[in-house]
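So that you can tell them apart, the chains are marked A, B and C in the order they are listed, and the count of residues begins at 1 in each.
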Amino acid sequence: MNTLLKSEAVAAGLPARAAPRERRWPLIGLAALLAAACLLPFFISNYRTFQFTLVLVNAIALLGINILTGYNGQISLGHGAFYALGAYTTAILIDQLGVPYWLTVPIAGAVCLVAGFLFGLPALRLHGLYLALATLALGVATPQLLKYKGIEEYTGGVQGIVILKPEAPFGLPLNPDQRLYFFSLTIMVLLFALARNLLRGRVGRAIVAIRDHPIAADAMGINSAMYKSLTFGVSAMYTGIAGALAAIAVQFVAPDSFAIGLSFAFLFGSVIGGIYSISGALYGALFLQFVPHLSEGISKAAPQAIFGVFLILFMFVMPAGIAGFVRLVSARAALRRRAGAQPAKGG
Amino acid sequence: MEAFLQQVLTGLSTGGIYASVALAVVMIYKATHHVNFAQGEMAMFSTYIAWQLMAWGLPYWGAFFLTIAISFVGGVVIERTIIRPFERQDAVLAVVTVFIGILLVLNSLAGWIWEYTIKVFPSPFPAGAVFGGLVSGHQLGLLGVTLAMLLLVYVFFRYTPLGLAMRAAAENPESSRLVGIRVSRMLALGWGLAGAIGAVAGMMVAPIVFLEPNMMLSILIYGFAGALLGGIDNPWGAVTGGFAVGVLENLMGAYVVGTDLKLTVALAVIVGVLLIKPSGLFGRTVVKRV
Amino acid sequence: MSALLEAFDVHAYYGSTHVLHGVSFAIAPGGITALLGANGAGKTTTLRALCGMVDTRGDIRFDGRPIGRRGTEDIVRCGIAHVPEGRGTFSGLTVEENLRLGAYTRKDKARVAEDLERVFGYFPRLYERRRQQAGTLSGGEQQMLAIARALMMRPRLLLLDEPSFGLAPLVVDVIFGILRTINREQQVAMLLVEQNAARALDIADHAYLLETGRVVMSGTAGAIRSDESIRRSYLGY
């Protein structure tokens, strides 16, 4: 059973081979984007820097979802649980063990990698709707798990844990918001580059094959079980690292921040941004951060309503999300350029 | 011993809630082979409609039956407008996304129209305790209504031609067309019936947990657990599963994990059933000869 | 004698692939017509086109009335029953439920009960297994079930897509014998798609030969069977 809209997925997952001169454009664009990102904090207020830090964090979380659901076809409605795991790991390490903040992030990542892998093992037996159901239950149960009195001395129970802002490394002339922004940016760039390498190569092809033709993939010798569990683990790691960074940025973790709405928001961000691509994670993150803020003015219920309406709308109109749309537009533009550069075919 | 019995009875009464939600879930599953994640919100929204009708002066039973009719139509409309375009696809992600979308829209719509303050919803059953104080009149009434609905659903699917046609349409749409079944109509009908059953479940639940937009999501999870445990294609199984989950949740909460982790019990049930016996205790494993 | 089913210049498409190129044929009431050809010739597509299951252009008339534009559910209600490739049984339902579904659109309850008995008469094995889940039946039994279900529709025309596929020769004998009986006793016309040309020509009156979506030959079954050159070049025996 295909879990994704085949034609969209195929179109999005296999970029056409462009001529050498054309391959330069995306790289130039990327470099420009990176440069802009580095300059941004110096031109905007601290609060805006904080917001953009959250955008970067969301992008990492959404990339986790994209890897698992977009590329590998496993639907998770409970990734808020891994986000929470990463956040709490960081909070506990900083608050109770005095670990420096930058070290907690890879530790949180490792913890989530293992947790995701362990969850992925039994999840192997669940497909499509049933996996969605099981992960939904996980997502709904997360706040309750976090409030559990048995582990209260570590988790702070209902009140949660408060974290102090990190100290300046190397005495750089940056304020705390900016420091955090660049720290998150660095991690985001590393993780995105890692994802790009994995997904464009043999690993990416394998997990896409598992998504589209599971039986054929097995027949070709791909160890589906191992790949699927590992993909779950890696996906959890990404989302967990995002949770860790968010905890550091927001300086606070509490059970009710990790309710099911978070997992739904992740689904929303991925679908809107483009679940079959890496860049989609960034578009989705921008949406997630700014749309609720803009719409909260209308009414308390508005952001959620917009989420819901857009989810349905996008499934009708743009299943590959904004990234898919961008890809379509740039492919058409490239075709026109190529047609213009060649002499017209003789009649 | 008496404390244990008390726990079991309390479990059975909450189980009744889960059983009626499980029934609606099974209804849609049998008709469409989809698991309707938006079921809880549909039930919640129907309950708000009933509340509004009563606020406008309608007596309880008038509002009750009118709401059922409205919910039936609502279910059909949702199927026709939103679900229909995805009928012919296998894309699970699209279906799940759309369900979640409906869930979010209904939830926020309810919050916007009726606000998030808790409202009291009346019960048609006598308030006093029955059987020496072990169950309340409403809990008994809830039980009765759930069992009545169960009987209707069972008879419908097992013994009526329409019920048979609906099962066929869900299982094999192409072959169904070849015998003249209008498959789209069957799907719309299934959604309409699920909307109606959900409305009843919501109106039975609201007096206990109070009416507010978020009242159904965790109940839905328990309902899913019950439906899965009993067999997602089996109405009897779903109801039994719902009761079982209620009792299990209560006993585990009282003796094992503490009341805080009760949702985790549901999670464990869901995962456990899906891993060990996905067709549930009473569901039928469909044998397909390759 | 006016034909029961007539097809004029039928074209069919799977997406943008043009599969049938102007196929024309006619089926007499009560007759058995064979549609022969190699794999991929378009035989299954022809049957699906008749039932509105693929994108079709052209003129198709059943009993003189056009059916080309209508949906499958409506076409079958006119009196055409289709036993599809792969049988299409409802594996999760019992044998008896499968049969009752065949009678879904009928209003004559008493005759339905009669027909059910008659069908069990043709296929006693189905009666033995009537409460079993259809998915547990063997290949031959499922084929019988598929045909029986089609018969429950009291069709005037029965479309059969490769009824011999994957079945042992003895079982095929039984099934083809029953088809001949049904045709005689109930005057049900049949359009039989078969790769096994010999078997099909044994019970057919008329035959059409398809090659890459076009009718390349037509004639009485007897003529085609006795023409050595046709047999060797097109039918492989």
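The rule is short, and it goes like this: a residue touches a chain if its C-beta (ideal position, glycine included) is under 8 Å from a C-beta of that chain, and two chains touch if they have at least 3 such contacts.
These numbers were taken from a predicted model, which means no experiment stands behind them.
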| task | Would you mind naming the chains that touch subunit A and likewise touch subunit B? | result | none
| Chain at maximum distance from subunit C, centres defined as averaged CA atoms | A
| If you tally contacts for every chain pair, which pair is highest? | A-B
| Chain with minimal offset from the mean of all protein Cα atoms | B
| said: For subunit A versus subunit B, what separation do you get between their C-alpha means, in angstrom? | reply: 33
| remark: Taking each chain's centre as the mean of its CA atoms, subunit A sits from subunit C at a distance in Å of 53
| field | Inter-chain centre distance, subunit B versus subunit C - centres from mean C-alpha coordinates, in Å | value | 43
| query | Which part of subunit B faces subunit A closely enough to touch in the complex? | reply | 34-35, 37, 82, 85-86, 89-98, 100-109, 111-112, 116, 217-218, 221, 224-225, 228, 258, 260-264, 266-267, 270-271, 274-275, 278
| field | Footprint of subunit C on subunit B - complex, ascending | value | 161, 164-165, 167-168, 171-172, 174-183, 284, 286-289
| said: Under the stated contact criterion, what part of subunit C meets subunit B in this complex? | reply: 51, 53, 71-73, 76-77, 81-82, 84, 88-93, 97, 100-102, 104-105, 133, 135-139, 142, 149, 153
| message | With touch defined as at the start, can you tell me which subunit A residues reach subunit B in the complex? | response | 1-6, 69, 73, 75, 77, 122, 125-126, 128-130, 132-134, 136-138, 140-141, 144-145, 147-150, 260, 264, 267, 271, 275, 299-305, 307-312, 315-316, 319
